[in-house]
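For reference, the structures are reproduced in the following blocks.
Note that subunit A is present in both complexes that follow, paired respectively with subunit B and with subunit C.
So, the complex of A and B:
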């Protein structure tokens, strides 16, 4: 192997991506903390952020805004990364983190928990997490041995199985909604649209469960590049294909389940963020993994910030904004790339 | 011994500090069965549901109100209050920013998680949970006491009870309680079950709820309605205030229905029926003449 300089061309690009998106994330974090629905001025927020200002402002920033900004960041990072992994594993541009039925499973869990009168934490959270884990178990059982899993991926069996799973869960969800009472229905709908507003500081450590998955996915960036060439080619280049696929599948589903159980179903982030960076940076997962992680986090913080600021009867569910902003943005990028 | 003396001293000290902190505040059990510490003189109150805002205005204590929820539209003045989200989707940050010394919440509707978080942030929350008309009247007394308007609360409650008894006495001599279909939504058709305020109002006004049952807000289709064949149909006004003809048109498609034959399709204002506020009594007084016009000669209609 020939020796390389410390910063080759790729190293410089990686550093650039991390630096730019890292700054963007830091900026969104500060902005997310400094502004909010109480219409206190940005200056007030800024002052309180550095220890000045009233005690009410301090409570708002550290007890109310901080948990939700950190939740938004983690959810954004997780979903964007989850989408990236599934798009690579399933070799399908329409794949997103919920594609294996995670959303349906966790929704059934969460809604059942609400109808049974569980407390929102830990009751509904645990029910939601169990629901998605049950779906993962069913998917893995259906695909059976890792050899069959490989075949299943190449023949889109895994993908179709997941789609069916979500369709089935969708029907169960509609049924549960139809038998719910008015007050429960509100709670259910807000969960289905995604909700950051009830996050507390005490629950923040739970989000750390996603971090080992981030690392695991990061070290598999190169195998993911090779998997894009097809399972046979990847195996030929020394990738333990089946093991890698199962590992990534389980890690991704696990981290997505963690964030969904805390925030409900936030749509579209996982689909669009990886595509945006693919258009901007090319297909190399060694760049796409950190880019999706940091970019997804910033994107959801900004969407949540807008959701808090836009006037509505109450607060606008953030899931509306992710697609409302993301879809036109992506169409613009596609159009520009074609030109 | 020294240890016990020290312990005793510390315990006494802690109790003393606690009692000093309690000065200007008192402990009450709210209607949700929670023990809460409320200020003797709440000065910055946020009402977490439109019905609570209405009660506070009725008590004449609106100067204490610093915030209300969306749709707090009665009386007109209440529309100017700063908003803290809708009662099912409260905006925690806006509530905290108003620096309330008391929030008044309603158990049916306000999310429990938000109430818990307000308490965690040191804001006392008093929860009301009226489940029948009698308890709505009690809420007026309780909130009167809570907001330093005890006399006004008792007086208002007494007047509500008098008006309710007035309606009851008028319809007491009835020989027949007409069956009533109370439509609260048109598409899908939704009526009211047994455990609702409206069911109670129908009974008090001398009617029989045709859709009584365990489900609070049951859905109906026309097939079921033709079988029910109610004698009176009461329709609440809807968003956008469509004209009366528009609201009764779906019913007129079925000329064989008793309510259509006898022209007993009536429109009432939804605001008088869908909130557990003192206006339910207005609702009762509006409903009774529709069910028993014989006891309410036109000129004496309240």
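So, the complex of A and C:
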């Protein structure tokens, strides 16, 4: 009998995951650029993509579709990664990137901005971002010292605080909607459902703010594994626990606030994408971080593509599709894993 | 003997309650040091303080003559491994992956292990005899197998010093011996210093090179098993009579709890 090696080659698995999901992302990007709601065919779009075809088509692709596809990719990557981090930190499978109240805070900011007649960019964007940063400040103030932060994580205090924060914000949002006029109502609802249609080129540089957060989270993939063993065991293996938790909390909240202020509240991506990869790849965050990043980006590009193509006229908010596709997909994976 | 771990005048309290009261100790290289004492005496708190998980209000802890507060967690983890009392049951990793995590303080920024790291982990698993369990997850193990996994993880860290909080609690006698024998072998063969909190006075006597008896946060006694495990000192700390005689097996003290019914018969009116 030949004995099996004790450990699988981890490096090969990591490379495989990055390669496969990288190709998937590249494919989704190209598809997202080549297709759209304009009457032009896929073939025309494909040609224009590589420098041929009409100049109108080229303009559509580079001025309209590119910013939008890049926004979808960044939002998908950020939300999936944010969900992954919060699920690990809070040790709760139901955690998602909005769980600490970021969604509520940014929604209040955005809706107030709209009711005050701010322009969509930069006015509403900034209002939304300030809203979620205010929530982060409150969360950090409430947890206070690092000792209390650790205690509040182990006793679910942070989680419950976030749920209460969102409930409170929900009430304020309902109130704001109730005093809004019909014309504003549509704008507010689209924002709450997540909407990419307002994306323009000048917004693109803002998305770069999420990139340092990605890197920061990537180098903390291993500490996230260790934290699953408990704060003390992790500390015993060399993790500066409080610093790591605060760093991950702030970086995640920051990047999620950035994308939410651009695209509104797109639900479900942050909950389901990490779980899909956990079923497929196992619990190791060194695989889950790159997988969620690339997979989340691809997933939202495809969802956005469908949101543009499916309706006969106009488009539907992408937030409807993320759950419409994601929930059955995840239930299927779970059912298959059980068998 | 070189001092590897020392606490000087440690004072620690929560909410006005003193848990550690001017505790001082010095532990030399290669010692098997056991901290004993009744429930609530502050044993776990002392261990956590020595591991840098609790910060004393007064006093200092030094590791290899270096002040603990000036050491980063990573530097500390390279010389000191910790086996906590409880681990989460829902830990999703396999035994092999769990043990390999012990390499963490030695890895680079991306946390990727080399072939050598995997060899060390495999050797640690061989040492605690868990190679055959490598693909199981922690919730599929018995108490003894879990404890051996956690100890293999600590050994994989290649520490000079290993701190354990009641590693034999909730194990049957066979597994208690297995764990204690492992730690003794590790201590003797690798010259690694072992510091252990234990409730089992007999195991402490059989394996410990020196014992510390903690009572209400103070050092009640510190010395060899024969010096610490006396009927007077134990009565004072535990508040009940524990008979001490010589264990014919090893010549160390043997502690026998005395049931109330026997106490009434033999002592004739004591208490």
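The working rule: the second predicted complex is superposed on the first by the 328 of 339 C-alpha atoms of A that agree within 3 Å, B and C clash if a C-alpha of one lies under 4 Å from a C-alpha of the other, contacts with A are read in each partner's own complex, and residues count from 1 in each chain.
Keep in mind that, in the parts below, contacts are C-beta pairs under 8 Å (C-beta built on N, C-alpha and C of every residue); 3 or more make two chains touch, one makes a residue touch a chain.
Small disclaimer: the values here were computed from a predicted structure and weren't measured.
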Go through the superposed model and pick first if A:235 touches only subunit B, second if only subunit C, both, or neither.
second
Between subunit B (first) and subunit C (second), which does A:186 come into contact with in this model arrangement: first, second, both, or neither?
first
A:36 contacts which: subunit B (first), subunit C (second), both, neither?
first
Answer with first, second, both or neither: which of subunit B and subunit C does A:198 touch in the superposed model?
first
Where does A:286 make contact in the superposed view: on subunit B (first), on subunit C (second), on both, or on neither?
second
Name the residues of subunit A shared by its contacts with subunit B and its contacts with subunit C.
none
Sites on subunit A touched by subunit C in the complex
6-7, 10-11, 14, 91, 219, 221-222, 225-226, 228-230, 232-233, 235-241, 282-284, 286
Complex interface listing, subunit C residues touching subunit A:
48, 51-53, 72-74, 76-78, 80-84, 86-88, 91-93, 96-98, 100-102, 104-105, 107, 109-113, 118, 121-122, 125, 131, 134, 154, 157, 163
Any idea which subunit B residues touch subunit A in the complex?
70-71, 85-86, 88-94, 96-97, 99, 108-109, 111-114, 117, 120-121, 216-217
Okay, in this complex, where on subunit A does subunit B touch?
36-40, 56, 59-60, 63-65, 119-121, 181-183, 186-187, 190, 197-198, 200, 308, 313-315
